[in-house]
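One chain, chain A, links the two complexes that follow: it is found with chain B in the first and with chain C in the second.
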Partner chain A sequence: MSGLRYVYAVCRPFGTPLPRQLTGVGGVPPKQLVHHGLVAVVGQVPEEDFAEQPLRAHLEDLDWLGTTARAHQNVIDALTVVTSPLPLRLATVFRDDSGVRAMIEQREETFLRTLDRLDGRVEWGVKVYSESTETSGEPEASVDTGARPAPSPGKTGSGRDYLRQRRNQRKESEEKWERAEQFSRRLHESLSGYAEDTRIHAPQNAALSRAPGRNILNAAYLVPRAESEAFVELVDRTKDDAPGLRVELTGPWAAYSFSGEDA
Partner chain B sequence: MTTAQRFPDPYGHDGGANLADILERVLDKGIVIAGDIRINLLDIELLTIKLRLIVASVDKAKEMGIDWWETDPQLSSRAGRDELARENAELRAHVAELEGARGEVTTREREPSKKEAQG
Partner chain C sequence: MTVVERREVALVDLLDRLLAGGVVITGDLTLRIADVDLVRIDLNALISSVNENVPAPWEEML
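Then we have the complex of A and B:
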């Protein structure tokens, strides 16, 4: 019977009901806890998973983390359709409703201020990748485990040829890198024109993202909903501008990257 | 209070977002509030650092001197590093062997070397 309270987000009251079939962490539908004119979106979670000890263990488990993060995001996504939520970090857990209420009281002013700032805004993510493997072809394959650095059968393995080849490759890839950077900078500048605020995040590692190519730009833009259409169109238009580069758009997200007080 | 509900949703939900996108935000960007269940801060920091490493570039992580993921074949293309090291050793041995042998069979083996010198 005992359960803990997992808080997804804090919002201003919103008229539109959440989808009936919406579930969050642990497959449990989130509820609204209204207090002091604010809404905490809360789900009940079992102590077996979210008490201190098990939670700590779970947090080190990437599979559990992935599932929980998606469930969390699922609720935030649904909220983003009907309001502009202030998303809390994963696994913000209280013993009971009164703990949640106390937290709201304690932070009321900050919440209101931030919610005002984010009202009617969404976050868009834009990433630029260089499609390294496709453009430079064979040479880089030597980094892969399988390829032997043996001289190709066509040539008699001249050391000088090899060095020259390497030098050209390096120069090529430096130029490619420079072009990619320039493109990213220009793109960021023009997108910033539509955004109220921007954040540049660390590039993502392909091991987790499973996205091909190398991530060069990873940025977030706080955009008014009304401007979102124009923003998306602008991103779409630039997509074909840079051969060898790939532009990826994600969103609309809740304003995760802009929820901090320093934002 | 909220403005227009109608706005483009071409990439809604999980559309264009990969796990790194989601973790990056859910774990690293949402507002931080200390709940009743307090995880030892050190632990959280550890986790965050780890994930930042997954999320961030490998090079940067290496700058920081942290390479825990390299032992995890699921996360790491470095599983191949041992392989490379082994291959490297093999090649060295092979080169040494060849160089040893060259002393004896230089003329026969090294004919094309003149062409190289010209080029």
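Then we have the complex of A and C:
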């Protein structure tokens, strides 16, 4: 079986060889396919995993998706060390090398334009979480659910207390939410000053991220490598003036969030 | 670049980029991930960034 071609990224030719032990999807070392002055970084993948039907099935398997995503990122990471790659979306698969070459020819101008725009830039991810200090659940959940003849006179008072308590709680969490939003807006504004471009991703769901607290800001910043140290320092400094909030920095990434033509 | 020490990248950060970012190529290929129906593993619900129509809640206030 000949196998399909999995394309990780398109780059300008880079002088430095990739690490010899580098492997990508399926444990296969990626190779460079040079065409029209561009390099497609390509790995061979088996049809039984990457043809349309099996791929469709695999993509519904979070474990498979995770393994494949990490293998993909492994190659992109190595490329980011030696060049500024234009990463392709996960699982971009062609039938053979000539399919890859045809794709390069077709999109040559766009690739060159985007590679120029991304040259010497990296992506940083910044997330803000509000720490979950909320008392979860009901303030005084009644354990006693058994039949009770008639509510005692005192019940009315406790009902009112309960409502007041709930109201106060709601007010508190609204204020907290507002503070968190204000902080995130200010942070985003000051970080944008260092960035050539920004993207706001939707907040991450705690069920998947397993990160404590609620994700308020999930943003990506395109920053020149030369400015990256200043950018990271700025993020570090803001961490201290955010009581009850958590700021997380990820990167440097290849410019995944800025690879579109509309960017 | 060694500005920060590298930690294990969280899968969700990775998927934010690999499923919502990167160049989407149409043409002579077997499958576009954009066409894949991820609903069955509830990935759409989990990774809301896959659906770009969902804005960050605070973005409206900018």
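Of note:
What we mean here is this: the second predicted complex is superposed on the first by the 238 of 263 C-alpha atoms of A that agree within 3 Å, B and C clash if a C-alpha of one lies under 4 Å from a C-alpha of the other, contacts with A are read in each partner's own complex, and residues count from 1 in each chain.
Note that in this section a residue touches a chain if its C-beta (ideal position, glycine included) is under 8 Å from a C-beta of that chain, and two chains touch if they have at least 3 such contacts.
Just so it is clear, the model here is predicted, and its values are computed rather than measured.
Partners chain B and chain C, once the complexes are superposed on chain A, run into each other and clash. In the superposed model, A:Asp61 lies in contact with chain C only, and not with chain B. Contacts of A:Leu217 after superposition on the shared chain: chain C is touched, whereas chain B is not. Contact with chain B, but none with chain C, is seen for A:Asp161 once the two complexes are overlaid on the shared chain. In the superposition on chain A, A:Arg12 makes contact with chain B only, while chain C stays out of contact range. Of the two partner chains, chain B and chain C are each touched by A:Trp253. Of the two partner chains, neither chain B nor chain C is touched by A:Thr238. In the superposition on chain A, contact of A:Thr83 is made with chain B only, not with chain C. Of the two partner chains placed by superposition, chain B and chain C are both touched by A:Ala202. In the superposition on chain A, A:Glu181 makes contact with chain C only, not with chain B. When both complexes are aligned on chain A by C-alpha atoms, chain A residues 4, 7, 50-52, 55-56, 59-60, 65-66, 69-70, 72-73, 81, 86-95, 99, 103, 107, 114, 122, 125, 201-205, 207-209, 211, 225, 228-229, 232, 249-253, 256-257, 259-260 touch chain B in the first and chain C in the second. Residues of chain C that touch chain A in their complex: 1, 3-4, 9-25, 27-34, 36-38, 40-41, 43, 45-49, 51-52, 54-59, 61-62. Those residues of chain B lying in contact with chain A across their complex are 1-5, 7-33, 35-40, 43-44, 47, 51-58, 60, 69, 75-77, 80, 83-84, 87, 91, 112, 115-116, 119.
Here chain A touches chain C in the complex through residues 4, 7, 10, 50-52, 55-56, 59-62, 65-66, 69-70, 72-73, 81, 86-95, 99, 102-103, 106-107, 114, 122-123, 125, 181, 184-185, 200-205, 207-209, 211, 216-218, 220, 225, 228-229, 232, 249-253, 256-260, going by the rule given at the top. Against chain B, the residues of chain A that register as touching in their complex are 4, 7, 12-14, 16, 50-52, 55-56, 59-60, 65-66, 69-70, 72-74, 76-77, 81-84, 86-95, 99, 103, 107, 114, 119-120, 122, 125, 144-145, 148-149, 156, 158-161, 201-205, 207-211, 215, 224-226, 228-229, 232, 248-253, 256-257, 259-260.
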